[in-house]
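Here's the structure we're looking at; comments come further down.
Per-chain residue numbering starts at 1, and chain names A, B and C are given in the order in which the chains are listed.
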Amino acid sequence: MTRFAKPAPVALAAFVALLVFLPFYLPPYENGQITLVFIFAIAILGLNLIAGYTGQLTVAQSFFIGIGGYVTAILVADAGFPHLLAIPLSGIVGLVLGWLIALPVLRLRGFYLMVVTLALVFLLSPLSKRLDGLTGGADGLVVPAPAPPGGLAGDQWIYLLCLVVGIVLFAAAARLVRSPYGAAMIAIRDREVVAAAIGIDAARVKTRVFAVAAMFAGIAGSLYAYAISFVSPDSFGMLLGLSLFAGAFIGGISTVGGALIGATFVQFVPQIGSSINDSMTGVIFGAAVIVSMLLFPQGIAGIGAQLARLRRRPAPAEPDAGDAPSRPTSPPAPKETQQA
Amino acid sequence: MLSVENLAGGYGPVQVLRDLAFDVPEGGVVAVLGPNGSGKTTTLRALSGMLNRTSGVARLGGEDLLRRDPAAIARLGVAHVPEGRGTLTELTVEENLRVGGYVLGRSPAVEERIEMCFEYFPVLRERSRQKAGHLSGGEQQMLAISRALMLDPKLMLLDEPSLGLAPNLTRSVFEALATINHERQVAMLIVEQNAALALELATKAFVLESGRIVLEGEADDIKNDEALRRAYLGY
Amino acid sequence: MSEILQDVFGGLAAGSIYGALALALVFVFRATGVVNFAQGEMAMVSTFFALSLLTLDLPLGVAIAGAMAGAFVLGMVVERVLIRQVVGRGDHTPSIVTVGLFLAFNGLAGWIWSLDPQRFPSMFPSDSVGFLGTRIAVSAIGTVGVLLLVVGVLYVVFDRTRFGLLMRAAASNPESSALAGVPVNRMLMAGWGLAAAVGALAGALIAPQVFLSPGMMGPVIVYALAAAALGGLNSPLGAVVGGWIIGVAEALAANHVSFIGADLKILVPLVVIFFVLLFRPAGLLGTQEVARV
């Protein structure tokens, strides 16, 4: 398993300091862009935990972002909750819902999770239109912005809010993946049967990590509602769900830092794409994730490690001679039945 | 007819075979012995085109085997019976044999050879319409050998034919192999854990350890030398 | 009663389309062990191709046949160029690539053709026939009939031709087949091609009802995946039966369960999947999976 170097503490601190001071120098529009990058990074970070470290593929982050966004919108707009409180509450709703959904699914093959999450991606829009009493239906809900303290501008306040939440969650995630629990996650990803043999309750770990990922997405959704000041059924659909998925892999799915790279893609590719053609976003994301999987499966964050490994390798393999099936890269091992 | 020199190879960055050299004479039987992980299976895979990375020379009657794909090697008359038998479990016994005879194309030879396999292994005729996955271990081994026979091989590579079989079944299988070898002049390279059985059938043998040949000679000589057997084969 | 009968027939028709796409999924999975999440988008693109052929004034039958041929080529190219490169690694990469293909084909369709829904002609006349006191659309009967025809053709190809035997061999044990000289990689390519062609037919069957647009097959792949799962992912018969079950359940739920109605129909495959997970994880007709450790 590749070990990714921790960024040097000084470089990291400098980077964070830069991010803290940036909103005071940039105009509101650019601040808003970067805010969204933070928001997507949080959602993708959750995805990295469940898909990258625990090996369970899911496209449902957009669904839970939507849940979080709507929960916040309803709490704040309809019920007058304090803004800051709605953020963790949205996270908790995501956590519980994610856990309930994962519970029956994650005992089994990963394929089922993909199907269920794909269904969820297509479910959110009609569901929010249907529950229009609560959600404002097709018109959506306007979300009043949180009041900025002191002399801060609205956009700066939201930017900093997202940055702080992001730092907290990134630090928590980094601690998690380096802990024994993180080792269990990775064991499940790489060799689930063996992990079970050494006493790891794979189903439980997978369910919990999925719930955590959903919580991250719920929090991201809440912040999204503040950043855009608006939630609607079509804000959280297929394109977002699959773009987050693609962005996560392009950035580096088994990393913490890759989430930020992926989020940058998710925020800026649609802008580049739609300037060419309305449909280009999908083409660019699709092509990018395919190329990434073919050439650098560890993503951009993993390029350094991948290059280092390539340099250490001996003579390359013989070219594929046409009709031979994919040759194994490890010696044959005895087959074993897998529990369904 | 099979002559191997400086054969080396492995999987990706792992080197398994180091500088092997041996021959299999026409119609001869050579046993490949040695402990687990010594490279016995890998040797066969190198000869049947299943190994990613090889170097050296392996010639079958003048034709180089090492830089060809499995299909071309099958057409040259090399039949590999893989470890675990490689049964096409979803297909019937007869279909398994038909697939084995793929290189013969659509010629009537296919039907003739299927009949020949049934002669050697009558139980296959009884079960010809059953799904191959339902056969017992011994029957699947007979099916695997038959599948190899279908392509009219000059050389058969057999990987652990006795694996998982009861002793009486193992005897029948090896007797059948002896018959096939005598009647059809098919040369054989047999990888075996059961050294005693292999040495009965073989004319020559060599022992692999960590990808190198550490002992070679006439099968009879090795079989009758108790000290050698104890040292290299553990019995 | 007559309403239920109409729902059942409508559901069987829709279910036949889900079953056709599920068949494609099952073939690809059996041949290469990959779940092609982009199967629906490939079908959608092929249907757009049929639309282009129609603008050349070709008859519908020719256009659809052309689309199926084009889909065959597309499937082969995808397997050869992309899937084959990533299959041996033993991880989820192939699935991720197919999700990338989903995005790419979805975008390409909007870019090359149009985002606006397009009319697509039906293979069947728009009449209905009387049956047991109610009227059943000819197109519903026809759709089921087409699916049965496809199943019949596939059965003949796989079980009674040499080509089919070799494809089954390559899927059952690629290594043994290769050792016997079978061109395994070409068989796998053909498997993807065949699956894509069947998918194209599914697209042509659904387009007249829902209008052809890039988003046309999005939810359909979920139905097809659920149908394939009902069949255990490796049973073609299970995929077809699963499709019918889901189609009928969807039609009945849409018309008789007020919460679901016409717009929350996607809950139906979700519920079906949960049921399968609880009671029969290997599917109704599937077999246990064997894995290397």
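To be clear about the criterion, a contact is a pair of C-beta atoms (placed from the backbone, for glycine too) under 8 Å apart; a residue touches a chain by one contact, two chains touch by 3 or more.
Every value quoted in this text rests on a predicted model; they were computed, and no experiment measured them.
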_Let me check something: if the centre of a chain is the mean of its CA atoms, which chain is farthest from subunit B?_
A
*Centre of all protein Cα atoms: which chain's centre is nearest to it?*
C
*asked:* Based only on mean CA positions, could you tell me how far subunit B sits from subunit C in angstrom?
replied: 42
*Between subunit B and subunit A, distance of the C-alpha-averaged centres to the nearest whole Å*: 51
*Averaging only over C-alpha atoms, locate the centres of subunit A and subunit C and give their separation in whole Å.*
29
*For subunit C, which residues are shared contacts with two or more other chains?*
175, 177-178, 183
*Considering subunit B alone, which of its residues make contact with at least two other chains?*
50, 69-71
*For subunit A, what residues touch not just one other chain but two or more?*
322-324, 327-329, 334-335
*In the complex, go through subunit C and note every residue touching subunit B.*
162, 165-166, 168-169, 171-173, 175-183
*Going by the contact rule at the top, pick out the subunit A residues touching subunit C in the complex.*
55, 57, 59, 104-105, 107-112, 114-116, 118-120, 122-123, 126-127, 129-130, 191, 193-194, 238-239, 242-243, 245-246, 249, 277-290, 293-294, 297, 322-329, 333-338, 340
*What residues of subunit B sit close enough to touch subunit C in their complex?*
48, 50, 69-71, 74-75, 79-80, 82, 86-91, 95, 98-103, 106, 147, 150-151
*subunit A partner contacts - residues on subunit C that touch it in the complex*: 35, 37, 82, 84-89, 91-93, 95-97, 99-111, 115, 170, 174-175, 177-178, 183-186, 188, 214-215, 218-219, 221-222, 225-226, 229, 233, 261, 263-264, 266-267, 269-270, 273-274, 277-278, 281-282, 288-293
